[in-house]
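Presented sequentially are two complexes of chain A, the first with chain B as partner and the second with chain C.
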Partner chain A sequence: MAAIELKDVSKRFGNQTVIRNLNLWVEDGSFTVLVGPSGCGKSTTLRMIAGLEQVSDGEIRMNGDPINHLPPGKRDVAMVFQNYALYPTMTVRENIEFGLKNKKVPKKERQQLIEEITAVVGLEAYLDRKPSTLSGGQRQRVALARAMVKKPKVFLMDEPLSNLDAKLRAQMRTELIELHKKLGTTFIYVTHDQVEAMSMGDKIVIMNEGEIQQATEPMEIYQQPANLFTALFIGTPPMNIIEKDKIPQLHSHNKDIVYVGFRPEKVVLSNEPLEGGLTLPAEIVNREILGHETIYQMEMSGIPFKVKHYDHPLEEGMRLFAYIAYKNLYFFDREGRRMEVEENKADLQTVAGGVRVCP
Partner chain B sequence: MITVEKMLKIVEWTGLAVITLIFVFPFIWMMITALKSLPETVVFPPEWIPETWMWSNFKVAWSSGPFLRYFFNSLFVAVAILVLQILTMVPAAYAFSRYQFPGRGFLFGLTMAALMIPPQITFLPVFLQMSEWGFINSYIPLILPYAASAFGIFLLRQSFMQVPEELIEAARLDEASEWRIMWRIMVPMARPVLVTFGLFSFIYHWNDYFWPLVMTNSDAFRTLPIGIAMLKDAEGGIAWNIVMAGNMILVIPILIVFFVAQRQIIRAFVYSGVK
Partner chain C sequence: MSLNTLRPYLMVAPSLIIFLLFFIYPIFYMIYLSFTSWNLISPDKTFVGVANYVELFQSQDFRQVFFNTVIYTVLTVFLSLTVALLLALWLNKSSAIYGIVQGAIFSPYIISLVSVSLLWMWMMDPQYGLLNWVLNLFHLPPSPWLTHTDTALLSLVVVGVWKIVGYNALVFIAGLQSIPKDLYEAAALDEASQWATFARITLPMLSPTLFFLLVVNTIASFQVFDTVQIMTQGGPVNSTNMLVYYIYEYGFDFFKIGYASAAGVVLLVIVGVMTVFHFRFMAKRVHYR
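Showing the complex of A and B:
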């Protein structure tokens, strides 16, 4: 088990900077998820921890000791690749055994370890098969077994589930969470899927363009996004962001507020204006019925926003009031940084339907 | 009734049979001639079936010179060349396909240039060099100049380049040395290519006449093709039946190798590309 620390790490490919002054603390035993859009540098970060990529600047530490100079095999980490990277000419047993042989583990011990691990992942019946004769899910398990058998201090996984179908992916997700609990080892997991990130991680690191946007627990990310990027990244549909100037109902003396945001699932739709929050008169222009929920495309004098509801679907063309409680409003400055305006809530007043409403 | 499909099948099969015959005929003719008596080889029109099967021709050919020695020399030279070629081409192909190092492009270009130069151009300087070092009349000039094959390096590099980088990275994380990665990961994946190359190389050097002829001048190091060519020089005209028997001796080991490796070879051509 080990804690990993990245200190001022940068990575350049030629003259293109892919990672910029990254600082990250991965707690011992945590399930840390790196998430972000394609090309933001998640894989590169993971590969630098694995030693498959050299850092251009900065330092990577394991339990306080720098590991920059160590080759991948000496870092005590194991990696699960997106395409599994199983050795195609070796049987399942040989795949799992390869690392142990390289470590010169005696034969008896190797056999015992393989038995142990294959029982955990349920591969006993496939030990003498070649990977090409296995299903995607089984290959995934072989890849996991190959990583686990080395008893590494840190597991690195780069989108390990993205090649599986939806059902199997959900199942493997649960299995990975259980595996993490059982092993208690540090997991660093890369994905671009926010649902995977939210459901698996006990810490989420949101990245964009080589920089960390926010790193904290899943609920905190959802409830307290640090900036516009994280606010838009987590949640489906994403948070509604409207320029403050376009909401005449909202009066604030705080000149720094440029954008206002609210989550589609936090909107209350009603026939009459409600008090104690922001009330926007709007019309349902479109709806998307997904069975357990309905997503409404609404419009308020030309400004579109989305609302998500679990109730019985409402008709298109209805004119309603969209109500958002103050505590569910988010404010952002010109740079997109989130502003804490709790203390000046009194400042915020709304005018809805021509009636002045006091908070 | 004969359907169009059946007709097409018949045409196809006939075509294939004709082509096969064209390829196989010289071989069959060689076999038949090897079993004829001397007068039968020159009668006109030629006889298809010999009156008596002269198996003794093989014995005559074999004992007309130190053929056991030739046979051993051929085998030793061809196998030694192949082993050395594989030992040199695997690391070379691995380096060319996976490493970034200064001069890589230049060195690879040089290898490609070597591919285009036939032995008829290099034999003279090689011969002079070898005789200066006193190596003529040893196995060295037969084996050493072929110890690295530009063709093999090129072929294997192409095959190695198809191996996904992730596999090598996985092996590095598994603490495998570069040497182990080459022989345990890369080579097994390039097996069809290696088998094909091995066959070409073996057959080429087993049959090679020109190079051993130039580089040797004593029976101790001569190879089978030279021994067989010398059968022609027997006094009293060419005994074609004996010469053909000698050729059969030359060809049979190759046929055996081919039958043993047949499945591998077919796989090599069908299954190009690594999954």
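Showing the complex of A and C:
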């Protein structure tokens, strides 16, 4: 078990900087998820922790001790690769055993460890098979077993579920969460899938262009996004962002507010304008019926936004009032940073359909 | 038969005729000739049964030629594969200088062996040759190279290895580059030593390449001719005479066509067996994913 700390870590490939002054604290025993669009540096960060990439600047520490100079094998970390990276010429047993053999673990102990681990991941019947004869899910388990058998202080996982089909992915997700609970070891998990991040992590680190946008618990990211990027990254469909000047119903003395955001699932649709929030007269342009929910594409005098509803589907072309309570509105400045304007709520005045709804 | 059913046969006829005329017919004609006594000129071909084969297998010369060929093949294949693998491991990097070196070691493969054989003869000259001059430079005893029965076959091996090693190295490099990088990363995380990484990952992953080269090189070496013809004519004292040159000698120097054909059939069988082995192996080639 170990805590990992990244201090002012930078990574350059040639003259291109992919990671700039990254500071990250990974709690001992946490399930930390690094998430972001491709090319955001999340995999590079993971590979630097593993020792597969050298840091250009800064320091990586494990339990307070710098580990920059250590080769990957000496860092006491195990990694699960995106395409598993199983040794194709070795059997499942040899795959799991390879790391132990290199560590000169005695044969008896090796056998015991392999039995123990294969029972956990349910691979007993496949020990003498080659990886090429296994299904994707089974290969995934071999990769996990190979990592687990070394009893590492930290598990590193680089998009381990992205090669599985949707059903198996959901199942492995649950299994990984249970595995984390059982082992209690630090997990650092890289994904580009926000659903995976939200459902698995107890801490989410959202990255973009080599910088951390926000690092906190899943619900806090959802409820308190730090900036436009995180607000748009988490949630399906993403948060609606509209320039403040395009909403005549919203008046504010705060000149710093440039963008206003609200989540599609927080919108209430009604036939009458409602009080105590922002009310936008709008028309349903399009709808996606998903069974338990419906996503509406709405338009208010040329400005599109999305609404998610769980009620019976409404007809296209209907003219309605979209109501968003004050507490569900988010405000961003010109740079996209979120602004806390809680105490200034009275400062906001809403005019709906020419009628002042709120003083 | 209507034109429509005939058409496909007409379409393939040209290539089929060429194939039968220039590939199949000569083989059967050679097998036929191996049962005759003929001097290439006279109109009569006397049928002699298996007499040519009996003479062949009783011949002390043929036995020596056969063993020469085997020794030459084993040495050439072993050395060229080992050296090529070492070169490939060293050259498996993407930088301009390594590209140039790769090209340089590949060039012998595309140069005519006949002209290069003359260069090697000059370099291997015991008195004025470059190689003995180099040996002398390091205070090593000079070698008689092609002029002595002990060293002549080895000298041909040197040329044979030099010729093929660049090709082998190139194929090995291609093989090395097809090994996924993440296997090496996984091995690094598994704390594998350099030797363990090579023995347990690189070499097994390279085995299809290795076996391909092994078979192709063996078949090619078994049919060595140019260097023998140009550099030694089988001498001194038959020490460098090998199968194909032996056949050529009997056919076109001694005009014993029947006897040469019998030797040709033996070569055909040996190479045929190796080819079958090759195809069998290719079918079983390790495939991952």
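Assume the second predicted complex is superposed on the first by the 358 of 359 C-alpha atoms of A that agree within 3 Å, B and C clash if a C-alpha of one lies under 4 Å from a C-alpha of the other, contacts with A are read in each partner's own complex, and residues count from 1 in each chain.
Criterion: contacts are C-beta pairs under 8 Å (C-beta built on N, C-alpha and C of every residue); 3 or more make two chains touch, one makes a residue touch a chain.
All of these numbers come straight from a predicted model, not from anything done at the bench.
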Simultaneous placement of chain C and chain B on chain A, clash or fit: clash
Contacts of A:99 with chain B and chain C, given as first, second, both or neither: both
Partner chain(s) touched by A:64 [first = chain B, second = chain C, both, neither]: neither
Touching partner for A:317 - first (chain B), second (chain C), both, neither: neither
First (chain B), second (chain C), both or neither touched by A:291: neither
Partner chain in contact with A:81 - chain B first, chain C second, else both or neither: both
Where chain A meets both chain C and chain B, residue numbers: 50, 52, 71-74, 77-79, 81, 83, 85-90, 98-99, 102-103, 132, 146, 150
Of all residues in chain B, those that touch chain A in their complex: 164, 166-167, 169-177, 180, 184-185, 188-189, 191, 274-275
Interface residues, chain A side, partner chain B - complex: 50, 52, 71-74, 77-79, 81, 83, 85-90, 98-99, 102-103, 132, 146, 150
List of chain C residues in touch with chain A within their complex: 180, 182-183, 185-193, 196, 200-201, 204-205, 207, 286-289
Contact set on chain A toward chain C in their complex: 50-52, 71-74, 77-79, 81, 83, 85-90, 98-99, 101-103, 131-132, 146, 150
